[in-house]
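Heads up, the next two complexes both have chain A, just with different partners, chain B and then chain C.
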Partner chain A sequence: MLIVEIVFTGLLMGSFYALMALGLTLVFGILKIVNFAHGEFFMIGAYAYTLLVVWAGLPQVPAMLSAVALGALAGVLMERLLMRPLYTGVIGPGALRDEYAIIVTFGLSLFLINLSHQVLGPYPVKGPDLVAVSRMELFGMFVSPHRLLASGLAVLTLALIVWLIRTTVWGKRVQAVAQNRFGAAIAGIDHARVSALVLALSGGIVALSGALLSPLFHAYPDVGAFPAVKSFVVVVLGGMGSIPGSILGGLLLGVLENFGAIYISYEYRDTFGFIILMLVLLLRPQGLFGERAREV
Partner chain B sequence: MTRRLLLTLIALALGWPPAAGAQEPIKIGAPISMSPPGSVAQGKEVRDGLTLAQEILHKRGGVLGRKIEILYEDTQGIPEKGRAAVEKLITRDKVVAITGEHASSVTLADIEVAHRYNIPLVNTNAWSDAVRLKGYPQVFNRSNYNSRVAEAMGEVIAKMKVKHVVAFAENTDYGTGQAEAMKKVLARVAPDVKFTARVLDRAARDFTPAVLPLKAERPDMIVTIMIPPASYLLMNQLYENGIAPSKDTWLYDGAGVADYPDFWDNVKDAGVGLLSFGLYHPKMNLTPLGKEVRNLYIDQHKREPNRLIFQAADSLFLLADAITRAKSTEADAVIKALRETRFEGTQGLITFEKEKGLYFQQWKDIPYITYQLTARGQQLPETLLIQGPGVELSVDKLMRPAR
Partner chain C sequence: MRRIALSPADHRLAFAVLGVVALIPLGVRSEYWLGVLITGLYFAMLAQSWNLLAGIAGLFSMAPAAFAMVGAYTTGLLHHHLQIGPGVGVPAGAVVAAAVGFGLGRITLRLRGAYLALTTLAFSEILRLVIANSIEWTRGDLGLSVPGILGGAKVPILYLFLGVLAAYQALLLLLLRSRVGLFLLAIRDDEVGAVARGVDLVRYKTLAFTLSAAGCGVAGALFVHFLQLASPELGLILQTGLVISMVVIGGMGTATGPLVGALLVEVAAEALREVGVRHLLVFSALVILVGRFFREGLMGLLARLAPGARLVARPASDAERLA
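Let's look at the complex of A and B:
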């Protein structure tokens, strides 16, 4: 029975990891930058959902959709104000771009954390559950109904994003820019708009995971540290920029962490993720589904 | 002549030369957490308490006729930052004393600097026994201490006749120190109790893997030695998994988080049935000074203060009292005066032990209480008092959850 619970709770957690990491992998896959403010989009979603319900009295579903919209808007603003100089020639070519991206996203992360401290205060606020009851019994196991429902929504969102990227015209444009920004531009694809779309999508997805997890992990200024670290592990594990990789990596990490924590030591739970990360980097640097080289 | 007179008048009008520094404020340094990863919530409570005490002192004409200026430095709950903050406060800002620190790990770093520069430091809320065991003559402890909590909880656990206790302690000097102290106390007062302590990362968010094995173990009691937000998350996850509080397993909080202003916003159903150690309850006796602090706090914040407000206010009052008796801000004189303290603080008469060891320069008889939360959203005045000043320990009153 314990094994079943370990796998079950691991998969639930893994679905959240996959959703958090999807936003990061999209940005990396298309823009080739690492977004260090990724966790703060999670924080924006967690706060937006929680405060819209608790303070503004909005029902849960519209509040969650508003949180997603706010995350997407934050993504667009980030693209317009901070990321566009990367590919419009304001920032010099070559290696400098990477440094610029690191510094600017890291700075944005610190700014958002401290801003929320000043505006919203230091106290954590528990997000409202999607289901009124705090726990229920399922096949002899106690589970949080919210956790169950949130995980289902996370899986649905993952499926929707994969479908969007694989089948729609906009998805194909995204794929084209991911493969070769210059080539896509020659083919008439506006890569700036595609980049804005990707950052909006990424912001919206991460904000959704923040909203879904706010009843479990609460909303507070530095709540983004946890999803950021997990997302980086998942993205490297699955392969930088690979969508199926980040989904599988998330689920795998959730289950492996659970097994390691219970059968080896809970104290080293986060270490398991990093051990997996190091092994992947040593044995298969491109990750489970990653591309072999960063640039063509 | 007229010109010289004019210059003199202008100089006097501009306040020069200063009147022998009589109006210069007395500078007190306060290293606290104002940003993560430290507990910003605790930092805010400490700051509120210090500000209240400062207001009260100013209303009474200040200290030695001078105002108190509190210089805050953000330690982020990181020992290295705490050390740098105290170094800066002492060497650059020329503070005459340090107080306000609320994290054990940071206090252990702070006291090294205060000791090196021979500057008095009043510990506001560092519970780790190690702070006292250092034996530094500059350090005085208004704060509660781990051994005190362990003794109080040990007494309750022994009386409840539970057999198997699992403690979850955060990975800090405070957390591991309290777990260790509890192990020693239980070995003495309840040797039949099987006690195991598990260390959790205070930055973690999902404690499910730590909680799941308890379904098989089914301990009689789970003790939490963690501060928010980690403690809130752990409590929720214990409840969601049907482990505690439950008809089989008690949940006992050793960090006193149930009186935090945001407790019920974050814990909800998981808090019902929680047994808690506490350092303040409205049914406890307060001194006239304590009542003044409480009333002023309620006026300003529209809610009951928690224990950190009293601890922080007392910390500043103790320094003000020592400076007044020493008639000086000179370090040796203030330290000597602190050593001889007999000050009626907010919660009772404060004196400091002189014998080296666990209680060195500690206010030993800090009043405490044990209570149980019996309904969701219950505020401190309505909680079930199990033990406290004037209330004999009675575990028969405890209410066990139905499921």
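Let's look at the complex of A and C:
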């Protein structure tokens, strides 16, 4: 019974890891960069949802939709203002590109964290639950209905995004640009717009995670650190740029962390993810599902 | 390519900056500002060490603060458990940090760009969490209290920091003016090309990692004897962020940039604190602007304003800049 419970609660958390990592992996797929400001989309979503409900008195659902819209807007702005040089040829090739991306996204992350510190202060604000009941029994396990509902929404969103990417015209454009930006441009795809779309998607779904998880983790300036780290771990584990990799990797990390916290050490639970990250990068850099690629 | 190489004028300017800093205690008597300056010199040491790795060898590490923490805790633990003083503790801090740097450099040899950044980030967080959680050994977040040096007098401590920094700067000068410097620049600009020309990649990448870690280790060990406290906060990613900001603002890959960046940022941070603005808010905005619009930082700006000074060995032509 205990094992079932560990797996189940691990999967509940894992569904969020999967959603957040999907956002990161989409951006990696299309821009070939790691977005170090990824966690700040989460912070934006958590704050937008929480403050709109607590301060502005909006009902939960419109507040959540606004949070998603704000995250998407942040993504579009980021693409327009900072990511454009990556593919307009201003930066130069290879290592310079990587360096530019790390400096600018890491700088953006520090900027957003400190901006919210400056404007909103360091105090955490608890996000409102979607459901009034605080706990319920499910097959002999006690779970929070909010978490159950939130995970359900996370899984639905995952399915929606996968469907969008796999079947719609816009999704196919995204796939094309991810495979070959120049080829896609020659085929008449506006790759800058596709990149903006992907950053909007990424910002939107991570902001949604932030809003859904705000009752658990609250909204405060540094809240983005943990989702960013989990997304890095999951994306590396599943293979950079791989969509199934990030989904399975997210679920796997949720369950592994739960087992680690209970059977190995609760104090060191935060280190497991980092250890997985280092081991995968050192032993199997392409991850579980990534394609092996050599840079020339 | 945009890259600028280090010029003799750049090296001379770096020592001139250190000379100017040496004159400051003659005019400034405020204990508070001397303390700020000492902190600035600590960061200058970290910035210079990180610049060797990221700016010159092109290995974007996210672990400078972690290596400073290694140095700090080496001397801290030696004092706490064995009552060994800073005379042994500080050199030991450098050696242990160098050894850890050597190990990390060895295992991350084939990683580049974002992969290297993520691995070093994970390494530095694991280290910090282990130190913060090994309460029976390190007293966790409370930190270890360590003895002060030179009777806690600010001026002698400042000259000690300055002397160590000047020695490190001289070591870098010798290294960078030799073939090794050219090898490191070659690895940064074109790794495959460098290997094809016979540069021993394993050897020089590891060397850069080891030397950089040693510099951070000395800085961290000295700094905790100034603070009289070694705490896991020294290894926060935020500290690494500050170091990266300083180097990017000053000018990556130059000799003077990291020094000027570190000192200016630290002094400006204090000034901003008085106005009530979070210093990282301003510096991170500057980092984004520098990264986006003029990537050579302050040094690049200076080189453009005073082309006669030949701060840049090979200035990028306009055509290259636009290419």
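Simple rule for what comes next: the second predicted complex is superposed on the first by the 289 of 296 C-alpha atoms of A that agree within 3 Å, B and C clash if a C-alpha of one lies under 4 Å from a C-alpha of the other, contacts with A are read in each partner's own complex, and residues count from 1 in each chain.
We adopt the following convention: contacts are C-beta pairs under 8 Å (C-beta built on N, C-alpha and C of every residue); 3 or more make two chains touch, one makes a residue touch a chain.
Source: prediction; values computed, not measured.
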item	value
Clash or fit (per the criteria above) of chain B with chain C on chain A	clash
First, second, both or neither for A:271, with chain B first and chain C second	second
First, second, both or neither for A:163, with chain B first and chain C second	neither
Contacts of A:258 with chain B and chain C, given as first, second, both or neither	first
Contacts of A:217 with chain B and chain C, given as first, second, both or neither	first
Partner chain(s) touched by A:236 [first = chain B, second = chain C, both, neither]	second
A:114 touches, of chain B and chain C: first, second, both or neither?	both
Partner chain(s) touched by A:182 [first = chain B, second = chain C, both, neither]	neither
Residues of chain A contacting chain B in one complex and chain C in the other	113-114, 117, 225, 267, 270
Touching residues (chain side chain C, partner chain A) in the complex	1-3, 54, 58, 60, 107-108, 110-115, 117-119, 121-123, 125-126, 129-130, 133, 188-189, 191-192, 237-238, 241, 244-245, 248, 277-278, 280-281, 283-285, 287-288, 291-292, 295, 322-323
Residue ranges of chain A touching chain B (in the complex, touch as defined)	2, 5-6, 9, 13, 113-114, 117, 121-126, 134-135, 137, 142-144, 147, 216-218, 220-223, 225-226, 257-258, 261-262, 266-267, 269-270
Chain C partner contacts - residues on chain A that touch it in the complex	33-34, 36, 81-82, 85, 89-90, 92, 95-96, 98-104, 106-111, 113-115, 117-118, 225, 229, 232, 236, 267-268, 270-271, 274-275, 277-278, 281-282, 285, 295-296
Chain A partner contacts - residues on chain B that touch it in the complex	35-37, 39-41, 43-44, 171, 198-201, 203-206, 208-210, 212-213, 215-216, 228-229, 232-233, 236-237, 239-243, 261-262, 265-270
